[in-house]
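So that we are looking at the same thing, I have put the structure below in structure tokens.
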Amino acid sequence: MLLNADAKGVFPIAPTPFFEDGAIDYASLDRLMDFYHASGCTGVTVLGQLGEAAKLDAAEALQVASRAVARSHGMPVVVGVSAPGFAAMRALTHDVMALGAAGVMIAPPNTLRTDDQIVTYYRQAVEAIGDDVPFILQDYPLTFSVQMSVDVIRRIVTTLPSCVMLKHEDWPGLEKISALRRLVATGEMRHIAILCGNGGLFLNHELERGADGANTGYAFPDMLCDTVRLHTEGRRDEMHDLFDAHLPLLRYEQQPGVGLAVRKYVLARRGLLSHATQRRPASQLTPAAMAEVEGLLSRLAQKDPRALRVEV
Amino acid sequence: MLLNADAKGVFPIAPTPFFEDGAIDYASLDRLMDFYHASGCTGVTVLGQLGEAAKLDAAEALQVASRAVARSHGMPVVVGVSAPGFAAMRALTHDVMALGAAGVMIAPPNTLRTDDQIVTYYRQAVEAIGDDVPFILQDYPLTFSVQMSVDVIRRIVTTLPSCVMLKHEDWPGLEKISALRRLVATGEMRHIAILCGNGGLFLNHELERGADGANTGYAFPDMLCDTVRLHTEGRRDEMHDLFDAHLPLLRYEQQPGVGLAVRKYVLARRGLLSHATQRRPASQLTPAAMAEVEGLLSRLAQKDPRALRVEV
Amino acid sequence: MLLNADAKGVFPIAPTPFFEDGAIDYASLDRLMDFYHASGCTGVTVLGQLGEAAKLDAAEALQVASRAVARSHGMPVVVGVSAPGFAAMRALTHDVMALGAAGVMIAPPNTLRTDDQIVTYYRQAVEAIGDDVPFILQDYPLTFSVQMSVDVIRRIVTTLPSCVMLKHEDWPGLEKISALRRLVATGEMRHIAILCGNGGLFLNHELERGADGANTGYAFPDMLCDTVRLHTEGRRDEMHDLFDAHLPLLRYEQQPGVGLAVRKYVLARRGLLSHATQRRPASQLTPAAMAEVEGLLSRLAQKDPRALRVEV
Amino acid sequence: MLLNADAKGVFPIAPTPFFEDGAIDYASLDRLMDFYHASGCTGVTVLGQLGEAAKLDAAEALQVASRAVARSHGMPVVVGVSAPGFAAMRALTHDVMALGAAGVMIAPPNTLRTDDQIVTYYRQAVEAIGDDVPFILQDYPLTFSVQMSVDVIRRIVTTLPSCVMLKHEDWPGLEKISALRRLVATGEMRHIAILCGNGGLFLNHELERGADGANTGYAFPDMLCDTVRLHTEGRRDEMHDLFDAHLPLLRYEQQPGVGLAVRKYVLARRGLLSHATQRRPASQLTPAAMAEVEGLLSRLAQKDPRALRVEV
């Protein structure tokens, strides 16, 4: 089951769970996968930046991917394969596709500048991994310092048929979604799925601009699923009400650097992870930050009872 | 009346109002200044990045500063004097201080990297403008690509007595505020004012970490004043309720690039600017974006009636 | 006399001479201009980065430009007008063209990334300065962090008729010259002058790739003129011999940061500047560096007697 | 035999030889190692950036390191282990040290900015690889965009005893060498070896400033050895004569991007590599560039007969 351009809904970016000693906590990974499925997620992404992929050795990375696929309940599993060289990217892609992954996600190296450099990089990446492997184009200038214009995305989509999805996390990015959708409407670009990252900070508006869903790691993937569902059902006010209720926490979680610590804290708080541990190097939550997160959960619970309830 | 390290409250970053033909709209500037004063602002910053300073010629810049001072109702007026060279910085500083400005704001050039380079730059800037001119240190890595560690700020504050305020807009930045306040508590650094920018996105938490107020351009400076006041009065829940009600719009307004267009649109919508015009080059709001802003105002009005009322 | 696309030869980038107290040394500027003319230079560029333009106030900048024009001996004078905003760029351009400048040079702000951003910036710059002012496109990624592809240059040249010259200082850049010349040969781009900067480090090869000359500040502009002349006359071995003899010093002078100090030291050593003074902030030559420069001059003098002779 | 702070001489950065089909050419690697030894090199570095390390898969990387160690003729072999995460760095370090490597080289990730970030990174790297593994600190801001001040290097050297060498390739960097040597002289920093990279562009002056040798990949490592030897023997004029004779080619070879293609071309031309092949992605030499290289070799041969003689 390979990913295709009709993907939609919510693909959470799964964190990699660790025990306090740094060993991988597969039981928590199973629990996460079960929860994603129960929440209505339509796919899962593992070994992204958020998944602390760079802190895993090659064997561990394969084990995580393998376990996720085994516990996917039919959801397609996408694997992050960004690497400093095409040899490592090819090797990891080959291995995870053999394990049953549905596709891979590729971020650009932060040395790319010109339009041609970006297009060339993805062409070479496809040569490396093979054009039969569906891939997701990750457009995240805030983190990668690579700016992809609408025309660059069009060129990549047009010349590389295995590009099936855009992980949209440009900021500002609303006009980019509209521009891409216009290109599809006028026949200048084939349709690809657009799922939104950037912590979900603009998800409510992104859906209304034509995005197909979310591809981010916010600690309430169930809320992301509800947001997409309410949007699909045309229940606009309810969608915005739900989203806005979560926005204070979501904004807090989307801070660079410390965001993953917040996310793992909340996932542990919800009973989804046994431990909030990150492998080193890692930003840690201070007591002041923990108190802020507790305060945000408390306030959120007034509007969304899931905020204080253990889910699993 | 010079700015000093006891500053607190809200110093809005004033936009520069233009007529549709690009001429400066001084009547709107007066109206803004009156509104800032009536709202309880304790100072005003003009000719910041947000103020389209780079689109004014030298004579216009002085006129804007002069008009703001003349209409300041006793509020200290801070002037952005960041420039590619110290000659221009010195000249502008000299002129605006002679006009009655209370101090200047200096952003770092985006070529600075090491700690020593940053400290040296500010030492040279003070040599250029004179050590009798109070200055605000602007710490905004997202925009300027310059990362100031806590120790760099301590070194600048310690070696340059004319540094009286930090415009704090690091992201994440909560722990930085706490760390700076600890240095003051332990006597390792003298006190300086910390007013927060970054669109106000974390203002509620920043106040609780020890910040003295806001120094940003959100189109509801009256809300910023209320937030600071509620915090000062210890009315914590009300403070967060008010802030969270504004967060969806505030987040929308804080988008890079298009943010100023949103801000001017809302200020015009509120009757504070006669026109939302920016000088070129400028990002423009599309009809879809305008509809989004209207939707956000509409939803906000359910909680804060100022959102749809013309103020002036 | 406006600059046009047929420019060729050597346009030295003139330093701004200062007395030891920082005042502008116009007598030395006159001497430089006389020397440029006597050496066979075909133009002069003032107020470039190398000219410490950012350390001059607006009145001084105009005086320098004015003096250079007055002492130009018929050579076209190009003025650097790069600025953080279009208002300042327009004002300076207007003033220097009125004084008799032949054109202006515009470097890109280091925030530009995508192809469209670069093309748009130059379109807006031309709107600001007027399409009747010839301009030089400065392509110097090492300093400005902006990478212009061949296609971006083609788009700028094609859409903006007032672009008459490329200051080529990409590194590596030889293939870029060849590619641009091919575009002209096949009729895909109109001809523009290509003069080379980057300290002249590859000038011998650049000429053989089709460049029209040099536009850089090496302290021996007379050698640059000879190099171009020998190339034009087809005296290939002599050209390379002369160039290679200078390469050790030229390489030393082209160091970032400290390069201008070397350059002014050598120009003073040659009697062309009365003082090697730079305005602050400035890198200074240490005694060790001075000894190295003296050693390089000494070795150079064995092959080119100008290295130890006072010229003027 | 572990690397220590007394290292000196020339450690060439070895390219990885490939057959035309991309397979690793171990016979050429052997030939290179033999030649390095015969030329008087005192060590070898493999799997650096220049070694196309990112284009090898994990097994190949180990094979290259293993082969180099097996053919080292007693020269210490340093292995580049820079990686996007500490897990991969630890794994590769562990494996190559077990194979007999003498130490590892670690470049900083290009996201580091503040002094503390840089020092922390190396502390964490040592935690990952073990403090019993000697490492080389690579200071190459041009490529990595990380600027290490003298004080940052002092902090790293002082807090991390396993740092035994600096690969110095800052530009300009002469004063940095002098400053580091002064710190040793005054007892503020322990001695470490300083070997110079940056293509060797300033090697003659760097030696005179106190550097211990070269650690770069110029296609004439025999010339690098002679330069260091002449310097050590105090034969200053001969040293500069030899270096200056090579400077035109050395400068040509040090171009970013295309440099490796030049280097492999010349090494093949000299009979040291069977093929100039790079794995993809790679910059290729155009016919014009090949003609330039041939011209440079030809001119060089007038002063150094090795330029046209097949060595092996």
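Per-chain numbering from 1; labels A, B, C and D assigned in written order.
By our rule, contacts are C-beta pairs under 8 Å (C-beta built on N, C-alpha and C of every residue); 3 or more make two chains touch, one makes a residue touch a chain.
Because the structure is a prediction, the values reported are computed rather than measured.
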Just to be sure I understand: going only through chains that touch, what's the smallest number of steps from chain A to chain D?
1
The chain pair with the larger count of contacting C-beta pairs, comparing A-C against C-D, is C-D
List the interface residue numbers of chain B and of chain C, divide the shared ones by all numbers used, and answer same when the ratio is over half, different when under half.
same
Could you give the separation in Å between the centres of chain C and chain D, each centre being the mean of its C-alpha atoms?
34
Inter-chain centre distance, chain B versus chain C - centres from mean C-alpha coordinates, in Å
39
CA centroids of chain A and chain C: separation to the nearest Å works out as 48
Touching two or more other chains, which residues of chain C qualify?
none
Note: in the complex, chain C contacts chain B through residues 53-58, 60, 83-88, 90-91, 110-111, 120, 124, 127, 279-281
Using the touch definition from the top, list the residues of chain C that touch chain A in their complex.
113-117, 146-149, 151-152
Under the definition above, what is the set of chain B residues touching chain A in their complex?
171-172, 174-175, 178, 201-202, 205, 208-209, 240, 244, 247-248, 251-252, 255-259, 286, 288-289, 292, 295, 299
